[in-house]
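Read through the structures below before going on.
Next come two complexes built around chain A: one with chain B, the other with chain C.
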Partner chain A sequence: MKAFGNYHPATLMIYFISVLLVAMFVSNLVLQLLSLSGAILFSVMLQKRSEILGNIGFYIPLFLLIAITNPLFSHNGVTPLFFLNGNPVTFEAIIYGIAIAVMIVGVMIWFKCYGEIMSSDKFLYLFGKAIPKLSLVLSMAFRFIPLFKRQLQKVNKAQKALGLYSSKSFMDKLRSSSSVFMAMISWSLENSMDTSDSMKARGYGLKGRTTFTLFRLYSDDIVLMTLCVSLMAITFTGIATGLTDFHYYPYISNLNRSPSAIIIYIAFGTISFLPFVIEVKEALAWKYYISKI
Partner chain B sequence: MEILHIENLSFRYPKAEKYAIENINLSINSGEFIVVCGESGCGKTTLLKLLKKELAPAGEKSGKVFYNGLSQDELDDKVSAAEIGYVLQNPDSQIVTDKVWHELAFGLENLGIPTETIRRRVGEMASYFGIHDWFRKNTDELSGGQKQLLNLAAIMVMQPKILILDEPTSQLDPIAASDFIATLQKLNRELGLTIILAEHRLEEVFPIADRVILMDKGKVLLCDTPKNIGQNFGKIQDDHPMLLALPSAVRIFNALQIKDECPLTVKEGRNFLDKHFSNFKCADVELDYNYNNEVAVELKNVWFRYEKDLPDILCGTTVKVYKGEFYCILGGNGTGKTTSLNVISGLNKAYRGKVIVDGKPIKEYKSNSLYYKKIAFLPQNPETVFLKDNLKEDFLEILEALDVPKNEREEKIIKVSEKIGITHLLNKHPYDLSGGEQQKCALAKILLLEPTILLLDEPTKGLDAYSKYTLKTILAELKKDGITIIIVTHDVEFAAENADRCALFFDGEILSADTPSRFFSENNFYTTAANRMARHLWSHAVTCEQVINCCKKSGGD
Partner chain C sequence: MKKRLLFGLVILIILVVIFSGMMLFKDKQYAWISISVAVLACVPFFLQFEKRNNDIKKLVLIAVMVSLSVISRIIFTPLPGFKPVTALVVITAMYFGSEAGFMTGALSAVISNFYFGQGPWTPFQMLIWGLIGFFGGVFAKRLLESKFDLAMYGVLSGIVFSSAMDTWSVLWVDGSFNVSRFLTTVIASSQFMIIYAVSNVIFLLLFSKPIGKFLDRIKTKFQL
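Entry: the complex of A and B
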């Protein structure tokens, strides 16, 4: 189920850019934890059960590895806990290691969700507007690659039946695969002649080309976009005014617990959990709908 | 109303001595269904391309083409792009984009039509052609028939007034081809669309055309209704190669020279035979068939699938092909006919059962010993056989790979080329050859391996009637040399004319192997047009020649 993925690509892009900006560049521990938990919940909704297990097996060791590496190599901080090979292992370094792990794993999971949601056609749609030729070229490339692969298989098979590939010597193999490659190049040129005829026949190159797309901007998109932008505005104001400033060295700074800071935490928390909430809402609505049938 | 007018049109390719087309005068009315036929190389494609200015080849051109009273130079680019639609031969290479919906919208995008209008038109077209089920798919996932339908829909969405098609069904299997032709007929009937269709498989399109243009060496030989062409063709020239391409009913009529109206369809042909021959008795076709008792290829209970989780393609296939036999495997699309050839040629390995080639299990052939002087395999796309820019180099390379001594190479090439009749093509680039020539050259290349067993996958695909005839004579020649020939084909006519035995591949098994006469006469639907016409009189007559002979022997009028 991808309820969130059904939003307009522009909405999705704005969403991912804002979340990733915070997730990548803000060191505040609360914001980082919010970002990580939002990412985890969202990706759990996007994946099948079997995949989730595999991911846990990947991300938890990664998390631990990053968290442990920092205190082993960084000896900054004012609170040494114990000494390892004559080097101090400090409390600050341990916490900073955990914070980095939260950030890196969080960003990775967000990118994973991004990959799942923003398929190539959505990406092309967004950036094709800026560079219309590019989107057509990419679309043609995506068309051509499987065609080329299939032809290559056919040629390989035909040549194998001619006894060309059965020789065991390396030079023979090199020679036969290089001639297959050359033949594929002539085939590609021949094929592109036809494609260009087909494009010309349908008026390619006339003035005033438009770009068609299946995506539509619905009112829901506008609502989500506005929500996103306003919550982000709040968060960024907080970051700019230093409300969320946080540092780990030489000692860990106090967490800002003023009401205005809490507003920022809530604002970013809402953004971070938004996709998860949307997915859950859709899942529940669906369940309810089925139970009614 | 006249929609297209062609005046004294001649064209010559750069550096060519002869004109590709010469002095063509035609007038085509709005709503006509026109079929253009002729041997390959007769100038069909050149003529069609000249009708659409975007595709006109470079060369020396004289004469004029008028669309709706406007000459091509005066015609607006947008009007020309939208109103004259052109569908090419190869379903694959004319698809431009990766998504079905994008392909449908491509032409409209070029015309600069706003998104909302495109959405509506694309939706309308997708529903009309039944594309909605695969609207969001990748173009690569479609079958050949679907691809060609998509190409047609992508043109129709631009709302053309004339539709030009250059052999659109030559790469399709017979079922997809009839569906495609039926769609064209529907467009013509329901929308009054003018259609100009170049075809070499005439059995189906000939009767439905309003007019047929018969071209010969760049000139229009005949341009008339199908009835009149059928009636008069034999009188003009009774050994013209195009006679082979005409529907079976017309061929039988022409050979018998009876004064009556020319039948076009199977139904008319049946009535025609009834009327003239039902009162005369004649012996049926003889059924004897003697085969060599030595087995060339044997499959014993062979099972094969491509991947562990995929269904079985071959389920207990059992076949025996005798030495020197011409064996035809027929069957629908995607049933595993090609796979069975792959298993025989060792390209795919069976996971159960035995494959025995020339008395020895296939596993015992080490490295390329199976492919030298034993089995040769000609794949469906002959162009995949060539690797070099020049045929002779290509032939030399394969001989080098086979370690043939240098001084014998030249001699071998000349011997094979003379046998196949391609000596004049040896210095050409393989891609510059026509489909029939490519097929012959590919055959020549695999004959350099001196096979005793020849496997051919769909050898008649995309060939015109005359090239088929040449292929037929070549194969008969090879058979005389004692080569065992196994072909996989959709082409029932070709199988009926050439095979010693035919078999039906269905559901992973090879069924009912028998002589063509017995094989086809027991089928009701899956049989030749000639047999469907004459089966009530002579049930074992399956080819046009057999029907004609029976008619002559029976002594009717």
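Entry: the complex of A and C
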């Protein structure tokens, strides 16, 4: 289910940019944990069960690898725990390793969610007006890729029937696949030139042509956008005034537990968990309507 | 006058973005600067491309080369690092100039990441592949004439691509340039660096002649 994905592309873009800015560039442990947990919950809602299992198998080892190797690179910190090859392994370095693992895995999962939500049509819609020629090239490329893939399979089958790919040696494979690729290139170049002629004939680039889109800005979008921008303003004020300052070296600083800092944590936490909440709400509504039928 | 004003405004916005980011993200300011510079460095190329009165045929041709390089990246997924993307970008640049080269490189990075996953690495891949294409166009004459120069260019772009990625990841993780982590990353990814360089050379030598023939033909047939 993609309830969050039904919002307007501009709303989604503002949302992802604000979350990613904090997730990537702020080193406060609380904010990082909030971002990671928001990302995990959101991606669980977006993905199938089999995908989730695969992701767990990828992200947990990655997390451990980053966390464990950090003390080997950095010997800063004032609390040595033990010595390894004459170099101190400090408590601070271990904690910092865990913190950067939280950050990296969090950012990667956020980008995964971004990829799931921001499909190419939304991307093109957003940038189409600002960069018309580039987005034309992009949208043509998005169309050509599946077209060429299909053509590639056709050429491949035909070549196989003619006796290519018969031996198992690497050079032979490289040679046969590159000759198939060559056939592809000449076909696609010639074919695409027809496309450009037909575009010209239909008046591409003339004044007054409009493009069709399905996206409309609803009142829900305005609400979400306003909420997102205002919560982000609160978060950034907190960051700018040093409320969320946090450092690991030479010793780990105390977490700021003042009420104003807690407001910042709540503000960013709300942003981080927003997509999850929207997805859950939609899923519940769906279940409820089904049970009524 | 209006143009100059607009230019000044753009510069001002860029400076404001970079400096406010530096103030906000004190611990990660190097990562912030490098990623903003990577994004912003692409902007002039894109604007130039928008402004120039390019023929539709050229736009379609760039789209074709981008799709071919994305497909080649998909075909070669089983062999990590062993990809003809750089070779295709350089060949496009050799025959159609720096601008087409930059566009093919940068757009291949964006589009192929729709299939492989976007990430903080996207702006860097865009910039590096774009620049590989750009300089491929600048040195087009030498690359066309000498196979040795072509191979050297392939090796160089493999090394640049790999080490740029390593530098970025160190800056992001540590917030500063941690030499020991950089060296470890370089050693850990040296295998990829070698694969990049070797595959670039193989594909450039293998493809430059035949694809060049096609592109030359297209050039004369459709008067590009």
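To be clear about the criterion, the second predicted complex is superposed on the first by the 239 of 293 C-alpha atoms of A that agree within 3 Å, B and C clash if a C-alpha of one lies under 4 Å from a C-alpha of the other, contacts with A are read in each partner's own complex, and residues count from 1 in each chain.
By definition in this document, a residue touches a chain if its C-beta (ideal position, glycine included) is under 8 Å from a C-beta of that chain, and two chains touch if they have at least 3 such contacts.
Computed from a predicted structure; not experimentally measured.
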item	value
Touching partner for A:S74 - first (chain B), second (chain C), both, neither	second
Chain B versus chain C as contact partner of A:K200, first or second or both or neither	both
Contacts of A:G163 with chain B and chain C, given as first, second, both or neither	first
Contacts of A:R209 with chain B and chain C, given as first, second, both or neither	first
Which of chain B and chain C A:L64 touches, first, second, both or neither	neither
Which superposed partner A:K154 touches (first chain B, second chain C, both, neither)	first
First (chain B), second (chain C), both or neither touched by A:S186	both
Touched partner set for A:F142, first chain B, second chain C, both or neither	both
Chain B versus chain C as contact partner of A:M108, first or second or both or neither	second
Overlap of chain C and chain B interfaces on chain A (superposed complexes)	136, 140, 142, 182, 186, 190, 192, 195, 199-200, 204-205
Contact footprint of chain B on chain A as seen in their complex	121, 136, 139-140, 142-143, 146-147, 151, 154-155, 157-164, 166-168, 172, 176, 179-180, 182-183, 186-187, 190-192, 194-195, 197-214
Residues of chain A that touch chain C when the two form their complex	24-27, 66, 72-74, 100, 104, 107-108, 111-112, 114-115, 120, 123, 131-134, 136-138, 140-142, 144-145, 148-149, 152, 174, 177-178, 181-182, 184-186, 188-190, 192-193, 195-196, 199-200, 204-205, 236, 239-240, 245, 247
Touch list for chain B against partner chain A, complex	52, 54-55, 77-78, 81-82, 85-86, 88, 90, 92-99, 101-102, 105-115, 118-119, 122, 136, 138-140, 151, 154-155, 158, 342, 345-347, 367-368, 370-372, 375-377, 379, 381, 383-389, 397-398, 401-402, 429, 431, 445-446, 449
Interface residues, chain C side, partner chain A - complex	21, 23-28, 31-32, 46, 49-50, 54, 56-57, 59-64, 66-68, 70-72, 74-75, 103, 107, 110-111, 114, 117-120, 172-175, 178, 180-181, 184, 206-207, 210-211, 214-215, 218, 221-222
